[in-house]
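Have a look at the structure below before the remarks.
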Amino acid sequence: MNRAGRVLAVSAGIAFAAALTAYYIVSYLMMTPPSVAASGSAPRARLTLQTVASLGFKPHPDWVSYLAKNPQGKWVHGTILKVPAHSLVTVTIYQYDTATGLRNPFWGGFHGTVGPVTVNGKAIKTLDPSLASHTFAIPDLGVSVPLKGVADKAPNQCSVAPCTLAEAHNTIVFTFRTGKRGTFRWQCFVPCAAGFILGFGGPMQSLGYMDGLLEVV
Amino acid sequence: MTIPHTEVGPARVPRHWLRMVVIWAVLSAVAIPLIVLVLGPHLPPGRMTSEAGSQRDANTLMTALLAPIVVSVLVFFLYSIVAFRERGAAIVDGPPLRGHVPMQTAWVLFTSVIVVALAAWGSYTLIVSSHGAGGGQGPDPVAVPSHRSQDLVVQVIGQQWNWTYRFPAYQDVETDHLELPNHSPIEFHVTSLDVTHSFWAYQLGVKADAVPGVDNVAFVHTRDDGNFNIRCAELCGLWHGHMFQTGNVVTPVAFKSWISSEQKAEAPNLRYLPPFGRTYFPAPFRRAG
Amino acid sequence: MTTYAAERPLQPAWRGLIGFNMFTALALGAGGWFLGAWIGGQIAVGNDYLIATDQNDVGILMGYLFGLIGWLGGLGFFNYPVSRLLGRPATVREKESGGAARYFTLCTDHKVVGIQYFFGVGIFFFIGGLNAMLMRTELLRPVERAWPAGQYLSLMSLHGTMMIMMTSAFILGPFGNYFVPLMIGARRMAFPRIEALTFWLVPPAGLILLSAIAFGGIPTGWTGYAPLGTEGRSGMDAYIFAFMLIGLSLTLTGINLLTTILTMRAPGLTWTRLPIFVWGVLSTSILMALAAPVLIAALLMELMDRAANTSFYLTSSGGSPYLYENLFWFFGHPEVYILALPGFGIVLEILPVFARKPLWGYKLAVAGMLGVTFLSFMVWQHHLFVSGMNSGLRPFYMLTTELISIPTGFIFLNAMGTLWHGRIRFTVPMLFALAFFFNFLIGGLSGIFLSDVPSDVTTHGSYFVMAHFHYTIMGGLVFAFFAAVYYWLPKMTGVVLNERLGKIHFWLMFVFFNLTFFPLFAAGFLDMPRRVSTYAPSLQTLNDFVSASAFVLGSSMLIFIANLIYSLVFARIPAAENPWASRGLEWQVPTPVPLENFERIPIVNSGPYEYGVEGAPPTATLGPVAVPAAGS
């Protein structure tokens, strides 16, 4: 091959490698779920979330997942939640999944909440751990609230997100306080990842499903 | 060992080995006191427990012992690179030295003595003087403090991705934050609910793997009050790096008031907790759903 | 008599693509993947836990298996077994002529395999390095900002696994295969087709590992601990399959090299005249042959836990994570000596050439290597000191781990004795060899901290361990690899590597390697665990300094690649037959090395380190071949 040919071949190789690298970075590494802002602003904000038994659409139609409602009222499949700092955040969770039960019954109690926690309108002190379907927990802020599961035989269960209020669900409402700015992780503590060993694989270890970030801005 | 006199120049052949020894001695004489007196007190993990103190002493001693070894090898290499550098362009061979049995024997003996002494001293520290040096010893610890019956037993439960603690002496209460009384013997029983974690309380000098189905025992004796970091030291999944908490060593009075307030706060949930057990296998354990 | 493939008449270039080669292998491998995935789907149909997880581990594993079969079939590895089954006569060699195309085929010329290894392993090594640069980008800030936590874990696992997989054969692959027959005066390796197989298992292993990205990544790091590995997504299947393939490749490499060295030495090549590099290869081969199968077993059991509902490693059903940890580290500790020993062999081979003195303390060096080999099987529980292992055994493993530093120390004495009163020339290979000793000194002595159990309680699972093994593996093996590259590439390719670029590469790499990894000892002492993408904000300055140094370190690698491309593709200055005036037997053959290596089997006169001996004959008598002039 003459010199020009060699230059061309080497340049093509370098361009190919650079393109592959760019593709790797942009389409895999930088994948994050969408973020949803809370409604309202400091000092009071509101978050509305739902948990579903199976997402119903790609890429993981059979995975459990959280969804969040954006301030415009649309359900978004995202778990990066933006809340204001130094505020009281009231969280309403529509829980559509059946109970799996907590592995550590300790998380059946309510931690880090301000005021009572209500389930379907009734204030309760603690949840029977075997009735828990999911948890909403922010360990860095000391917050942990188990979410009561829908009865196994309840009629009209939801199977495709986003679920509507017409389908069988429990409504859990609680409030927690945010402090200074920062990013905190939140997660579920119920081993609800069906089919995975220990129930903690798959959606339980994926942002956008049973894990997320709380961005206090 | 005779070295052929190949260079035309000064009448005296420089005694390279003597120069190296002198340089080494000077540097070591400076380094060792610096390490012991200046660096030592800042080496981890500190003195908040006597086991942490034992670790720090081990780290200090080893740094002080290894420094002259590093210096000796470095001095030799750097000196040789400078003194025995070939300056001309021609490739000239050096003297055909193949070995020196007394030198090799001395080296083997010297390194063996240091190494065996370190191992012996390390075993003594581990088993006799520091009750396991804060490390997890498994369900049948060999290095047990004599007053074990007086220990405050704390069960550390690792789970994906947080730590909880149980106190069998206080009605098996479970908490998600750790406080300990000062000047007390503590016995950690570390276990896991799911995958392998590792309970690392830095300033306490405790590191014990949390393995499912295993009761990993570690002993510490707290000294003065302070805060300590708790991190997970074994990769356990998505939020491994976020399994971070701060614990406190407080006065026994403060500890008692803390734990009774925890008992009050956890009272509604207490009946759902299983009785205290060395290992923890609440269902569900296999593939959920 | 050996048989050659017939010379082909001139034909259009594209015709050369048809036949058993890498491109056919890729096509058949892809076809095998789809076939296997379909078969796996049929096997697992209706399995409710596979439906719930939206992944089919059985399908993916079948896909990899059939893809591998397609790959190997496409290269022609089944041709010889089938022809023998059909009763055709035995042959030793195939496809050894044919120009550049033979580098993409099953070629039994050990020199071709060496070059294939150099590029095959090298490409994946740089991909692993790219992952490291991306990791350090994330670690610029204490909270995950660049990539989310899950992707960081995959990056870290890919980096570690790719590096271990590829650097296990970093020296034995390219240089062991190329030069061991030359150094022992043989015409070939003992098992040429198996030798080619050990190479052709590497690209599928690398590609399968990279495919983990498409299946959810790898959450466990290179150690693959169960039960975390058992609950991972399908990317873990990629990890397990790829690592098993490398385990197979290592086992076969070890058996092949061991047999070659034991049985095919030229007359006159007694054990005391064997080049020290060959002793290093011998020791490494023993470890490969004995330890790598244990890895395959441990990973196979994890695979079955994932895909076949067994519970070897699941406590709740009677298994134990300890089983995995012990099996893995029984392989894992000899593995790190598989990484270190070839480095010892290389640097002790190079030092005499550029100090112009015999290797000082030859027998001690051999004793050191064999001592390390023997002891490396007796230390593995030092990875498990705080895991809850039997605490009564800890002093034993502390002792054996401390003891292994004694034979390791012999290597330093050999180096020091060789330099003593030498006539040292600072060529690029010599610079890398000297830097090896500096780095391995720090790496090895930091291992003493880790071997002492009270000190290990401080440092286990922290960045201190990271700094220790990067100093020994990267500071040791990778520097030795580059020493070998600059030393031997003129013989392998017949082309001179640019010395100036080589020196820039060396100095940037050496300085910034130390600036990257030395602060990590402090990070570990300052309560930073390993495998995390978040850390205490007070450590940000330290981490930023490390990341910046790492970026420069990465750029030094780019300079090496630039040197390779410039020297091999553009400048193409022919190298002298023996540019370093080395007395090694491999330098007595002409460049390019003839197909049969030697016209007649040489008769070895002495060891290859007879520098400074008046009137010493060449290391071997090759017959009518002219003795190379010193300094040519």
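As written, the chains take the letters A, B and C, and residue 1 is the first residue of each chain.
By our rule, a residue touches a chain if its C-beta (ideal position, glycine included) is under 8 Å from a C-beta of that chain, and two chains touch if they have at least 3 such contacts.
It should be emphasised that the depicted structure is a prediction, and the values quoted were computed from it without experimental measurement.
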{"item": "Greatest separation from subunit C - chain, by CA centre", "value": "A"}
{"item": "Chain pair with the most C-beta contacts", "value": "B-C"}
{"item": "Inter-centroid spacing, subunit B versus subunit A (mean Cα positions, whole Å)", "value": "38"}
{"item": "Distance from subunit C to subunit A - Cα centre to Cα centre, in angstrom", "value": "42"}
{"item": "Mean-CA-position distance for subunit C and subunit B (Å)", "value": "30"}
{"item": "Of all residues in subunit A, the ones touching two or more other chains", "value": "185, 193-198, 200, 205-207"}
{"item": "Two or more partner chains touched - positions in subunit B", "value": "194-195, 237-239, 242, 285-287, 289"}
{"item": "Interface hub residues of subunit C, defined as touching at least two other chains", "value": "49, 52, 149-150, 219, 227, 231, 314"}
{"item": "Touching residues (chain side subunit C, partner subunit B) in the complex", "value": "49, 52, 149-150, 153, 219-221, 225, 227-228, 231, 314-317, 320-322, 355-364, 385-392, 394-395, 398-399, 402-403, 405-406, 409-410, 412-413, 415-417, 419-426, 434, 437-438, 441-442, 445, 448-449, 452-458, 460-462, 525-527, 529-536, 581, 610-613, 630-631"}
{"item": "Complex contact set, residues of subunit A against subunit B", "value": "100-106, 108-109, 111, 125-126, 128-129, 137, 139-140, 142, 144, 185, 187, 189, 191-200, 204-207, 211"}
{"item": "Subunit A partner contacts - residues on subunit B that touch it in the complex", "value": "157, 159-162, 164, 174, 176-177, 193-195, 237-239, 242, 244, 266, 268-269, 272-274, 280, 282-289"}
{"item": "Complex contact set, residues of subunit A against subunit C", "value": "3, 6, 9-10, 21, 24-25, 28-32, 59-63, 182-183, 185, 193-198, 200-202, 205-207"}
{"item": "Residues of subunit C that touch subunit A when the two form their complex", "value": "48-55, 130, 134, 143-144, 146-151, 155, 213, 216, 219, 227, 230-233, 305-306, 314, 565, 569-570"}
